[in-house]
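By letter and in written order, the chains are A, B and C; residue numbering begins at 1 in each of them.
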Amino acid sequence: MKFCHTVVARAAAACLALGAFGAHAQSSVQLYGLIDMSVGSFQNSGADRLTRAESGRMTTSFFAFKGTEDLGGGLKAMFNLEAFLAADTGAAIGRTFWDRQANVGLGGSFGNVFLGHNTTSMFVQGLMFNPFSSSMTFSPTMRFLYSTAAPYAVSAGGTAWTNSILYTTPNFNGLSGTLQASMKEAAGGSNSYAASVLYAAGPLAAGLVYEKEAIGAADQTNLLVSGSYDFEVAKLYAQYGQTKDDAADEKYKMVQVGATVPLAGGSVLASYGQQNADEADVKVKTFSLGYDYFLSKRTDLYAVYMYDKAIGLDKGNTFAVGVRHRF
Amino acid sequence: MKFCHTVVARAAAACLALGAFGAHAQSSVQLYGLIDMSVGSFQNSGADRLTRAESGRMTTSFFAFKGTEDLGGGLKAMFNLEAFLAADTGAAIGRTFWDRQANVGLGGSFGNVFLGHNTTSMFVQGLMFNPFSSSMTFSPTMRFLYSTAAPYAVSAGGTAWTNSILYTTPNFNGLSGTLQASMKEAAGGSNSYAASVLYAAGPLAAGLVYEKEAIGAADQTNLLVSGSYDFEVAKLYAQYGQTKDDAADEKYKMVQVGATVPLAGGSVLASYGQQNADEADVKVKTFSLGYDYFLSKRTDLYAVYMYDKAIGLDKGNTFAVGVRHRF
Amino acid sequence: MKFCHTVVARAAAACLALGAFGAHAQSSVQLYGLIDMSVGSFQNSGADRLTRAESGRMTTSFFAFKGTEDLGGGLKAMFNLEAFLAADTGAAIGRTFWDRQANVGLGGSFGNVFLGHNTTSMFVQGLMFNPFSSSMTFSPTMRFLYSTAAPYAVSAGGTAWTNSILYTTPNFNGLSGTLQASMKEAAGGSNSYAASVLYAAGPLAAGLVYEKEAIGAADQTNLLVSGSYDFEVAKLYAQYGQTKDDAADEKYKMVQVGATVPLAGGSVLASYGQQNADEADVKVKTFSLGYDYFLSKRTDLYAVYMYDKAIGLDKGNTFAVGVRHRF
């Protein structure tokens, strides 16, 4: 049975009656998220091709709460609670339930400080500078940065760091930066830090991220340099990244070039990337070509073809069509 | 401490300010659910009788989010995220966290298409045509269709199918239908499909569901035929179902007859069902008699007696009183 | 990407259009919670000191839904769904997902009756009568009542009881009481009951809680006597508690004295407690001193020093600063 909930009635009646917020009635809680489902034939290099109905291939499905409270005097308090999910099975997914992000922060003219399980700047710049954004399947950049198994470089810290402090500077005419550190706490814990700068003004954007990750036995030094330029007939992207595994004394290098081209009311997305290792024989080439059509600001349809080839393994071909709905 | 959240303020302020929705301001997210708690003496056939405080005996407790976006031109986007819970222990329950339902869909004059973890039509028609609806304890139909252990037929696919596509037709003068298929994806996966038709107009309703389930080693062919007629002094129900276990070459047959009778501002609920197996000596008879009284459209009190007898096992007697609250 | 959700639009449009609530438009669902993050140097007696970014040291972080429906005639229906979380890792924490509380209740002139996983009165009076409230780290009372390991008395039932009925009386000129019982249900289940009385009027408050817990092999008889008086220049607290382990024939005794002193727009918090055992050589002394400053009604900053010393173990010293944000 379908019953409306009555947030309006509650807020209008209960909040005004209690006067709980007074001058801070502009405070807010948002419930939001995204569900991405696709059907297609999926095949990574060296793997069997399988027909699947899949969640989160273009954007990992999630639901979330967040809010901002105006504390007066230019200060604000903020929180984020974001949970991944797999809409194809109904499963909560991730290393923890609120693995996408969980934090509380204070902001002001000095910038923002967040404490908790904070999204890394490597992930943010990784997704900003490629046409397939945060797609863990179709974006070569994301495949190279956040794989959990060979033949790719294996990410030590993932897209969010536990027990961390994240500082973001104010925006100075398009220039901003971040600093992040995670507490080791105990043997085997994460003792990592990162710094990033980002410039975005007009058609030009560029960014640099440096990460030093030490998580248990893993010891990585990571670097990502990114740029994009929007020519209007096309937006072009380029990225260069290094993942240096200090324990194994191996260095992986990745490069990605991409373009987003407006066409017939939607966008053509194209991205090519490859990842090499100096010491080992790892070489992966991935190319994705897609078309993305927005039915509204919140809902889009997409079709993607991906070619994936790792050295010594058979090539993989993936075809998928899907829908994303933001709420 | 009790603080109001400020969805109103956020939406009125933030959304209007951002102009995030423009022409689609009629979009919506709903937070809803149900908590069912009862106390009583519970005893299945062959089991000990235990005094319990129980969650979800009449309707499995859950919380959920859903939304609909008007895309214009008769099109709409929809999503559902629904999670079972046990209010007696606070546990999240189910095969996955969002096990009740998790999907995204598009609707229009052609009907609706949903992708994800979709509720089956067998479950929907199972609950529509018996007085105890989706009660996994008191409804003989639900006990026979969705048991997880002998002496009943064991359900292979449950009430929602993973990795599935669900198509529902528009309603043609009371006649509608569904098609559902789940992708096998890998060895051991579910490769199932189903079709259903439903007629509901005035006092008469009738339905037919066919399921072919192949999930790992399980291989079932299921059928459910249902009808109801509302005579106003009483609504009568009848159901006939088959569960054919193709691997074990056994066929279970179930029948249910029931009535809902308005009385003293509430409803008397009565349902008798039995399940037989041709090849094995399985025979279960279950009878439930209840009274349901609504304090409001959202909150009701109920009292139920259930008799349960499986061949070769002692009979069971259950008495319970409970409350359901929808939000 | 950031999209507003549209609870307002839904409620204003959908609810009014559907007329779903009619006379009960005053019904409500609240989404609320708290995130507490701190950084500091944490050390229990006998343990290593570690630098940490921690969730929930002052108040365990959580998110929750609740609602109240006016049934007319002085009756109301209520529900609570509350889930703990660790913002430092994003983990859902607790014995179950909705471990903080999960229940449905009916209220009226007779008081309130809740069914489900209900917060105990021992926990409520434990937190009401000490300056550090429900802090499982800094409040000596909470450390003594709810520890899960030696050298403290080990709590059998925790802060909420499963399968329980909770009755709360109306408030008679400041005097109120509770009765709670949990159903054993099966071998190893909880078969516990509790009673409490509370008086709170003007500056004076006092309370008494008695618990008889039988959970599997655990068999405890617990008692807590508490009092506070608000002199305005300072609020003073005192508590005496007993935990009698009937199986091991050991009795633990705890005492706590504390004060909250308004200072410079915030509050100084001080609490000293000790726990002794007659039969065993357990003796723990804990002292916490803090300063709590509210930036708004919903957001506060705190700094705490804690000294912790158990007999036979090295002393521990903890320093932490943190922020709590309620939503």
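Here is the rule we use: a contact is a pair of C-beta atoms (placed from the backbone, for glycine too) under 8 Å apart; a residue touches a chain by one contact, two chains touch by 3 or more.
As the structure is a prediction and not an experimental result, all values here were calculated from the model.
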When chain B meets its copy chain C, do both sides use mostly the same residue numbers (more than half shared) or mostly different ones? different
Between 0 and 180 degrees and rounded to the nearest 5, what angle rotates chain A's CA atoms onto those of chain C? 120
Using Cα averages as centroids, what's the distance between chain B and chain C in whole Å? 36
Interface hub residues of chain B, defined as touching at least two other chains: 3-5, 7-8, 10, 14, 20-21, 27, 29-32, 67, 297-298, 327
Touching chain B in the complex, chain A uses residues 1-5, 7-8, 10-12, 14-15, 18, 20-21, 25-33, 35-39, 50-55, 63, 67, 85-92, 295-299, 323-325, 327
Looking at the complex, which residues from chain C come into contact with chain B? 3-10, 13-14, 20-22, 24, 27, 29-32, 65, 67, 69, 71-72, 75, 77-79, 81, 94-104, 106, 115-117, 160, 162-165, 182-186, 297-298, 326-327
